[in-house]
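We call the chains A, B, C, D and E, going by the order they appear; numbering starts again at 1 in every chain.
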């Protein structure tokens, strides 16, 4: 099955590992990720103001090109997912906003049908859960991560706002834990897993970011985690930068390791 | 210049136990809806004979709405279930004859839904007003 | 005239954010939730209350508008569906959309940059803090 | 031709503010049949009613139209007035020009125009009214109370006290309800069991009361005075009349790991159990989900130890049918699930509990024997945080909690805080509140005592997040008055969960054809004037199934419901609703269609001999309506194609006359 | 040509008369012309010999006549029922309209009855009509002999015959058939697919021809009311002369609604309409809707069944959905 794939700018640079193992693992699971041509940066954050139009056009373009291919759109980076999913929701529910966006889009060189949120947006984890199925993942695991205590770090972007993201229970999510179980590892449930790492405050107020990310990594470590997994480059940066007592990796790395696609590439 | 604004005439049959009480609640809460709506109290929506509806249209009504308890909540256990079947068939028939389907409606309004009553009547009156006067039932047998 | 101006500002904030502050029941759960609380001069519940009272300019003058992490925890936990984070966002936009009021410019970047900082952080910060 | 009088009420300014009442009275003067038309300040007042009576005499009126508030308010009043004036009460029609006109329209000309039309419709109807006489039906002098909590218990005791037999149906193995699970009661701090269990015993010993415990109502037919109810008696695998309640079986049963619902799952019971020591009936019950014998056929320990021979593994559900004159719903409440509020970590930590769980933790018969200990490690908690309004007062758009205030939480939390501080003075108790609501006798004094005498920290603000870290519960909250975010390391967090009607109420409401509000609380016949009656005749409401309330209110309402039941059962006959169906035998085809749609089985058929014009006779099958059974819905009138079936008081001609008047 | 010969029917009737099983026979009686056949009561072998007809113009459905005929005396009535007539027969029994004990029902197979108006369209002054090998020849005064394909002369109710199976009889003459998979809703569907304006124009064109002769009602086996609402001054919809136009306009809607769930789709209404209004399309719309909304239901298929209009389930289609569904058809 083919999916449109939106990697996002950080996955091309600082977070190559997130991208690389996402692609190769997907292939191993029978899903082909076709990169959206000429995708543009999503902007990193969704600006919730209803009159903010221009900053959301790049997301709409990606959504449109997936729609025109008749494919769902898959994202990996939490930030990209949040922006694209929220934009899609606004296109579905806010008619005034959608009309304005479509008016802008009609100025594009390439003429396309007006967009009203037709594209189904999956985060990579949702793809694993809802399309491929964690049972399938479990079957495909070659190197079960038995005994490994893994703390899932959701952060904000995957979960909130809950009514729009529809990702999982905002206060008590389980998708990453189920993912970790599918890989044969043991999930560590800790209360800070859905709290903010400090995000872009890393630029404005690094001390605040340090406080927030420190609380997260300490909580995970305190509950006995060997490793923290995340889907967000900025979360990873903040946690690592602020001396996380346990290593932080992308969930796709863990997946690739368990599926054995990491060794395959090493062998090459 | 005098503009004569068109006002639709709407007959609302309301069951005594839920919808009529819902209309009363709309009144208690002072929720406005168009004065074009005139309510006739019936014990149960299942008391509404298709003949009443056609009679209303014939005498100049532009829209007829029937309100009853929500399915499952009928004061008489099952009356509104019969209403639902009868009106589904009657409305489908009127549609088949080419009568505008927005002129007839069934809505379930409980005694606690004053706001829903007012909103429903407002919406129905607007839709009927947009259709203009009811000519078709009048003209069905008079080819001009 | 002052009143007229603040009324217009309030109107603008409400329209941009789509928030109805009169739904607030003053429970303070937003402020109980907020991870940036200690950094803020005005706290989420005060944002809601002050916007409702039309005291927009005081908020626009405060650094608090830059302290919100947009983590949306207040939005999801509010029992009344008020969405305080959207108010903060609207207020911040009211500030930075003014001429010369960008809170962060490209010139500020080198000072905060380190080798590991992902693009995402810079793009996000620029979007939040400049027009 | 009728001689109709029209009486237009001002209702102070309620009507006269938007409707030109004099113009209405004037406009009606020329309507066919109208011989008198006037207006008055308050038609429902004594002098207003006298005015009607005088007009009837003076103008020899045969029919009356009152243009006033909803017939649901004063139709009965004006019918009585008519009767006093010598008219048949059913010669009165109300034009609802208040709720459905003056209150919903703002513009005087528009309101007046509509009021005139509504009045004309009422006149058109009265022109076709005929005097009606209600039929009579007998009253079965037995009441059914559904629910055996304090509400049901009090209602049953009061009804029985008046000499009428009462049955209580309770789904649990024992009566007692939520109150049996409480430790102390506010604001007097009486022990709940000490005041409840004597009442339970009274119920058990009262000859007029039968208890159907472990039972459910599965079907209700009939109507006021004669409800036919089917009660399912679930198999308890113990013969109720044989079991002595010695409890030996509950000690010997090898299946020990059954979550004990009486203690809200905080400890275990056996597969055969008696919920608590004072249970009524004090009879063991086998839980079929856990009993090894019932599941695998191997065990039989309880049977072996039972000297009375009460165990019966082959028991089956039984259905009994009984007829009742009145039914009282007393189905009670439950705390809502905390599933959607996991920011408080209820699912993540055993030390985050609900207030009802705290009751059990503080109760001498509870899992800790009355010593307050943390569920996680059995340690004594030193810092306790109470969170108010969890799931109450939530906006509907959030789809998480309830929009209403649960009413009892402020007071029971004050009670908990006070009791804890009293018993364990070394404990710090914080209560996070949005508002403290204490309307009730001695309520605010009680709350103030908690603060002033017991030193409970009341903080205006809300908890945002509870994080279980390192054996503590890190509570992050706002203190709105201080203007600070607080971080408290608590040992125990207690959530004041919103309460909701018991889930069984919805199905029961359907069976009883009693209406419910959007929250599934039963609706009362009138929110102020008939608070313990359902709009469905013969169905009464007791306790929290009608809305959140505390114990004194529940008991008061239970007594009120009982008095209504007694008032009904004291009658030998009930006057029915005369607005019932009747069939014109000359037009009836005897086709049996009407019988099929009648929900009450009120229509039967008989062969009747008719004399034909040519002096021969002809036997025809015709429908006959049992007027005592018919409730007057009118389903049959539309099913009947010949038009033989019609409804008195709402005849086809009357309704069409109203249609014509409105559409003129 | 009908499968079974007239003699078989006459002989059977004579036999039942003579052995006292019945004391009168309800059958088709010769009129002025070949195609002019009316229902009649025969009391003797002689009357049968001289007046009884069986052929391609015996379309009349006798079920309804049983209501009045059985009430006339104690003796049993012999009645001939074609397959479609048996549905009406059952429906009337469901409604207790006559005493089954007073009827001896003989099922007769039917190959479809001819619609004389189709011959009249191209032939005036018909003297006789005869049939051979699927060809029908009409001898006329003015147009000489005219020959037609038999199939072309079948009315819609026969070309779209819903059943050749008898669902009720005491005795069956000839062979029984099957319930057929007919295209009887094709016309209804065609109308449903039109726009509202087109439908309105269609029905306005059809119904404006109605002269309110009441033939449709008088022949309808579902219309057996002791007193029809349209004849009842108390009903509010009575009319004789069209002083008020309401009844005129509503007559057909109300009539169709009154027979909804009871109409067996026998097609008699359209057969007898002197203005050739396709009244069966109203009834079939109800039948089609009932089938689609509430599951397939054939009135009269069995005695005692409960018609969908006097029944319900808790998850029935809402009236708004019922008309929206019409939209999807369009």
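The working rule: a residue touches a chain if its C-beta (ideal position, glycine included) is under 8 Å from a C-beta of that chain, and two chains touch if they have at least 3 such contacts.
Small disclaimer: the values here were computed from a predicted structure and weren't measured.
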Any chain in contact with chain C as well as chain E: D
Residual chain clusters - chain D taken out, nothing else repositioned: A, C | B, E
Just grab the chain with the largest centre-to-centre distance to chain D, centres being mean Cα coordinates. E
Which chain pair shares more contacting C-beta pairs: B-E, or D-E? B-E
Compute the distance, rounded to whole Å, between the mean C-alpha positions of chain A and chain C. 25
Averaged-CA centre spacing for the pair chain D and chain C, given as whole angstrom: 47
Intercentroid distance (Cα basis), chain E paired with chain A, Å: 69
Chain C: which residues touch two or more other chains? 73
Among the residues of chain D, which ones contact at least 2 other chains? 343, 465, 597, 639, 652, 656
For chain B, what residues touch not just one other chain but two or more? 50-51, 55, 59, 72, 78, 82, 86
Pairs of chains, among all present, that meet the touch criterion: A-C, A-D, B-D, B-E, C-D, D-E
Parts of chain B lying in touch with chain D, wherever the complex brings them together: 9, 11, 17-18, 20-21, 23-24, 26-28, 30-33, 35, 38-44, 46-52, 55-56, 59-61, 69, 72-79, 82, 86, 110-113, 118
Could you pull out which chain A residues touch chain C in their complex? 8-10, 13-15, 41, 43-45, 47-52, 55, 77, 79, 156, 159-162, 170-171, 195-196, 198-206, 208, 212, 232-234, 236-237, 240-241
Flag every residue of chain C that touches chain A in the complex, lowest number first. 15-18, 35-36, 39, 66-67, 69-73, 75-76, 83, 85-86, 89-90, 93, 104, 108-109, 112, 114, 116-125, 127-129
Chain A touches which residues of chain D in the complex? 340-343, 345, 347-348, 465-470, 474
In their complex, what parts of chain E are in touch with chain D? 71, 94-97, 224-229, 232, 234-236, 258-259, 306-307, 309-311
